[in-house]
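In the part that follows, the structures are each spelled out as structure tokens.
Both complexes shown next keep subunit A, but they swap its partner, so subunit B is in the first and subunit C is in the second.
So, the complex of A and B:
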């Protein structure tokens, strides 16, 4: 199937954030904090204001003078009012006629700062593993504690207790397009055009930061050059809008790639302790402890811990468990979502651990997992019933492939398996407006395509399936937050799964209305000579003849499709502190990696790779395949070489694409993708969201392959040659 | 990241070039492919107001297997099967430089004179300003070895060690006339990462010459780097030898990516030439070279790892050559 955005993108015909322009536009640059933690004693903006081309300079004072009162009370004001919390945090901003002038002026602002103690890493905050009392430490911004059953007794009577500690690293989304936006402010009305995955969420966020009503602000998304979670919450927009107020001109703000890295909002490190009690070959008790670096984030980050722990418990039946996790504030930029937030890191630890346990027991790792994985009807740790789940089927398929690989496995190679699970997010729901016109269908909605095709293509495919109308006669239109109906955003693998259901519902109501009008029980649509026909058995009606005069005047039959998801529940009595989250559906992913280990250098070569992806229903198989391949490649980066390196002074040492090492195409092995259908998910036609699941098991699969090849486990990701070499005791 | 304005000069002969260089004094840089210089300029690293572009200078263009003009693009060498056949080490080194895009612009001269690299140096202006500038650009201390007043930036060109073991010499033009010197002498063994070569003010690298013996040795180049598709050398190990029955009749080993200059291990390899060569001897050689190198902590991999890998790579390269097979 050809995507409608393919040709315009290939021809350079779509506009990204970087392409934004407006008449009279100024360019902006940020003044960034020179210390990771401190107070601004003095900051003179006057000299920068007098520099050539400079039109406006704004700092903390301008929040007070230029914005409504609410802006001072925002949870996170435009600029920090008291403390600088991370190195490079924007503390002022400049707008000038040219980008060079803006950057020069920004560099001329030299604040006098008083430095405060820096906590660069989790270990700086907690040199020892914290006790429950740590929940009261001001640097703990999230705490979750839950338990079920007599864990202690199970550990006491276990045949074997397997205990390990894992470390994971910071990983960046690396969307090809850095953040960019253009803000305008006139007469108390604000408009921002920006590259965003969540226009409506951003509107809410910005309204609170600027102290304005949501109705005073319009967010218009540009085409998004990759998001991967990094283009959600407010990022550059508040600075551009404040400068627009100060200068009374449109202001464009974009960042360099170094700034993109240094401003962060991505996956941060974690330390994970896992203890598992086994009796009779089965897991009978689990202890999971987590320290999650959340950077300079504010209190109320329980969800980060809750999600992580869900992945750390994994898709395994657990009779008894105790879990406790802390979100730890450090002087790094705040964490932010990153394709399958918290999952690849957590699953690296869990699946390495499970694999090691199986090996210790002398059981085949796939067989061992098959003994404990959820099946439909099982209960999760928080007592939610498990729905249709293709993980077992995935493991069985993987076992066949692994068997075939093993028959011709060269010396020095190993095969690793890992599984992961995900749940399609509903978000806060979503809506779409469908207008069936005499010449075709137009779906108006509020999300911009972020690259995977789920918006411009996926939503059209859903309508095609319901209506029977060919794709060529379906157009997905975009509207800004003033014109489009609400939707929660392109995240959580929800676009097709949740917004797609809004489209599905809208399409079904079109069918119902038209069936009634032609007096049939079943109809479908066709397009012939540019005319939409309503087909009921042998009868064909021109749509145009079925429209009321009002509809004709309005251009067609218009319906709203809405989807706000069913409420799911967990047993909250098991949760002693913080909160945990129910799943919408259960999406499984099983991966196999064959890895060659250079036992003298620690270098790894992933020789081949296979992914077995539970998709519910593959609405568009080639698009799903692309998602799975992309997820694997991204996961390989995190497994092998991608890592944000901070110095003890909380300085990011590798803010660039030379030293932050993404895989290049030549580093990627052949990837075999197998789609597992038949386990219905929460999306239309039983589809499951698959944007995120394919990245999840990758680091674990690679680590398990290394263990298979060498008998040695690496407890830290990424598995750089140096780490592998140390694990192999070469150093 | 933006380039500051500069004035571009485009001479057409060596004579014109060195004259221009003399007239401009210290305020210029030569611009070859620009793949090293311009990224550094964008980070405001030692920016000069004048650039002398070498792309029109006649004598620097073109190559034969004996004489490689300084402006020869790496892509041209990479595409030439003769180079790989005559000089395997050179072919492998060229092929391992960066990416096809960089090789299309990057030149041999630029590669030999590539700026030394350091974690604390190859960073944006904001980054360096917030840490405090270092000796190599704008500052007065070293963040790697703070006790010393010396720069330890690492030589990270791929071609130099390969050409060293092949016995290359270089042709240099100066206002006073041309001179020829062994490639080793282009670099200062006792120097530092700032004064990374021994060219005099305004001196121009014109060409690299390879002696006839270079075709008779077995040679290879092994590169240690995070991604096999990219990345500067964390260790670039070149070896060349000739075998006469069980006797080793010549041996050269050189390494880049470890210290401030590409280092040839003459004083060590000499001791192995002439005698019979065995696996034990190969191990001794590897251990001796490993013990001699002094990497510091300013690249992606830590020094203990690079040092250890030096031994591994020497062993692999020399053993493969000795046994008459490719090492990479």
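So, the complex of A and C:
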């Protein structure tokens, strides 16, 4: 099944945020903070205003003079009103006739700042592991603590306690398309076109930042040149819109890759401590402690740690546990979601730990996991019911492949296994509008395709399956937040699984309505000579003949499908903040990596790779395969080379692709993808979300392969040659 | 900053632009003056390949070239290439192989591959073709579908 957007994209024929343009448009540039933490003593904007081509310059004062009062009360105002919280934070913005002029003028704004103490790293805030009392430190912006069962007793009576500490690094999404938007403002009405995964969520976010009603603002999504979580919350839009108010002209704002890196909203470093008690070869108690760098995030970030810590317990039966996590504010840019937010990092620590434990016990790592892995009917540590879950099947399939690989494993090579789970998100639910017209079906959505195919292709395939109408006669169309029905957006691997259910319901109601009109119990649709036909047994009706005069005038039969998620029974007292966002099913992924370790340089080569992905039902297997391959390769980047490096002064040392190394075509090993079906999800036809799971186990699988090859564990990711060499005591 | 008029041969047509800064990059002239936005802007530092165009048939990163430097040369963008046989073939191969996800990298890949397949005589070996794509980044596909597309395009030529 080829995707309808593939050829237009390949011809360069679709418009992304970077391509936005409007008559009379100005170009914008940002003035960015020269220190990581401080106060602005004075900032003269006058000289920049007088520079050639400059039409507007806005700073903190213009929030007060140009926007409603609410804009000053926003949790995070357009520009910081009190403190600069990270180096490069936007503190003013310029709009000019050309981009050059805007950048020149932005560079000419030189604020006088008073520097404050910088916390560049978690260790600057907490040189020692913090006690529970540290939760009162103003730099702790999230804290979760929970326990279940008599943990102490289990640890006391254990045969073995396995204790380790892991460190993970900052990783950037690096969508190929930088952020870009075009803002317009006229008579108190705002409109922004932008490269976003979540038009409706963005509208809400922007309305609160600008102090306006959501009804005064329209967000229109463009095609998105990759999102990976980085194109959700407000980013450049507030600056473009404030400049549009000031200049009364449309304003285009995009950023360079260097700015993209320095503005962040990425995965940040963490320190993870794991203690596991084992008795009779089984895990009986877990202690999990997490320090998560959340950068310049504001208080109330409990969800960030709550959510991350869930992955640290893993897809294993956990009788007793104690978990504690701190979200630590530092002077880095704020933490943000990145494809399966923080899961690859958590899983790197957990699955390395489990693997080491299995080896210590002399048990095969896959066999050890099989002893404790969730099965249908289990409940998670947080008391969530586990439905059909393909991880056990995945582990068994992986065991066969690993066995085959091991029969001819060259010296210096090792095989690692790791597994991960994901829960398909419902988000805040969503709706789809289906218009069945005489010549085909149109599905109207607010969000555009971000790349994985779930919107442009997945939703169409769901309608195709329900209606029997061929894909060629189904089109996904895009509206803005004023014309399209609400949906939460593309994130959490939810599009097909959750929004797909809205489409499925809409399509089913079309079937019901039409069946009634032709007096049949079952119908399907066909397209013939450009005409939609309703087929009931041997009878065929032209759709156009079945429409009411009003429907004919409106162009077709219009229905809305809605899906706001399943009801769940969960013991609320065991639910951590953010750890159980509305989810509808669990999916599992098991990965195998074979690596070759250069014992002189510490250099790793991933020789081959296999991914066993629980997909529920693959609605389009080739599309799923593409998601798995893409996720694995992105995970290999995080495993081997991708790392944002900050200096002790909280300066990002590698804000560009030269020193932040992404996987390239020749780096990619052969990847064997096996889809595990038969463990139905809640999505259409039993589908589960698969956008995020494939990235999750990768760093752990690679690390475990290194341990297998060398007998040495690396406790930090990414596994750069230097870190591996140090672990092997070569340095 | 001095500005002058500039003539370019774009996709076989002579184009003329007024008041072009001498330091303007070919990428910006193509996108914002000629309005040909199929050429994508990514890193602007020569590291991603999204901005690839052909200069006299040679794959060239348009973010690293000043428009003035290539005023005498023949420039082909994805818009021009997709009307040619080799371009159409490569695009079809990408479509069939499922090698297009967000698509932001795709025009650059198509240009880089078509440049290698566009010559007379038999196509270069597959490995050579793949080496020729080392400068093109893709963040979505993991490159395996792209490798399939390359093999298929090579067969089809």
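We adopt the following convention: the second predicted complex is superposed on the first by the 718 of 731 C-alpha atoms of A that agree within 3 Å, B and C clash if a C-alpha of one lies under 4 Å from a C-alpha of the other, contacts with A are read in each partner's own complex, and residues count from 1 in each chain.
Keep this in mind: a contact is a pair of C-beta atoms (placed from the backbone, for glycine too) under 8 Å apart; a residue touches a chain by one contact, two chains touch by 3 or more.
Predicted model, so just to flag it, every value in this text is computed and none were measured.
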>> Tell me the contact category for A:561 with respect to subunit B and subunit C: first, second, both or neither.
In response: neither
>> After the superposition on A, what does A:626 contact: first (subunit B), second (subunit C), both or neither?
In response: second
>> By residue count, which of the two partners contacts subunit A more extensively, subunit B or subunit C?
In response: C
> Does the superposition put A:228 against subunit B (first), subunit C (second), both, or neither?
Replying inline: second
> Counting only touches as set out at the top, which of subunit B and subunit C does A:641 meet: first, second, both, neither?
Replying inline: first
>> Under the stated touch criterion, which partner chain does A:80 make contact with: subunit B (first), subunit C (second), both, or neither?
In response: neither
> In the superposed arrangement, which partner chain does A:666 touch: subunit B (first), subunit C (second), both, or neither?
Replying inline: both
>> Once chain A of both complexes is superposed, is A:720 in touch with subunit B (first), subunit C (second), both, or neither?
In response: first
>> After the superposition on A, what does A:453 contact: first (subunit B), second (subunit C), both or neither?
In response: second
> Is A:653 touching the first partner subunit B, the second partner subunit C, both, or neither of them?
Replying inline: first
> Touching subunit B and also subunit C: which subunit A residues?
Replying inline: 100, 256, 656, 658, 663-666
>> Taking the touch rule as given, give the residues of subunit A at its contact with subunit C in the complex, in rising order.
In response: 2-3, 5-7, 9-16, 18-19, 21, 100, 174-178, 223-228, 256-257, 449-453, 622-623, 625-626, 629-634, 656-658, 662-666, 668, 671
>> Under the definition above, what is the set of subunit B residues touching subunit A in their complex?
In response: 1-2, 99, 119, 122-127, 129-131, 224, 226-231, 300-302, 304-305, 308-309, 312, 316
>> Considering only the defined contacts, which subunit C positions touch subunit A in the complex?
In response: 1, 21, 31-32, 36-45, 47-48, 50, 77-79, 82, 90-92, 94-96, 98-107, 110, 130-131, 133-134, 136-147
> Which residues, counting only subunit A, touch subunit B once they are in their complex?
Replying inline: 32, 34-35, 87-88, 99-100, 103, 107, 256, 258, 262, 600-601, 605, 641, 651, 653, 655-656, 658-659, 661, 663-667, 720-722, 725, 730-731
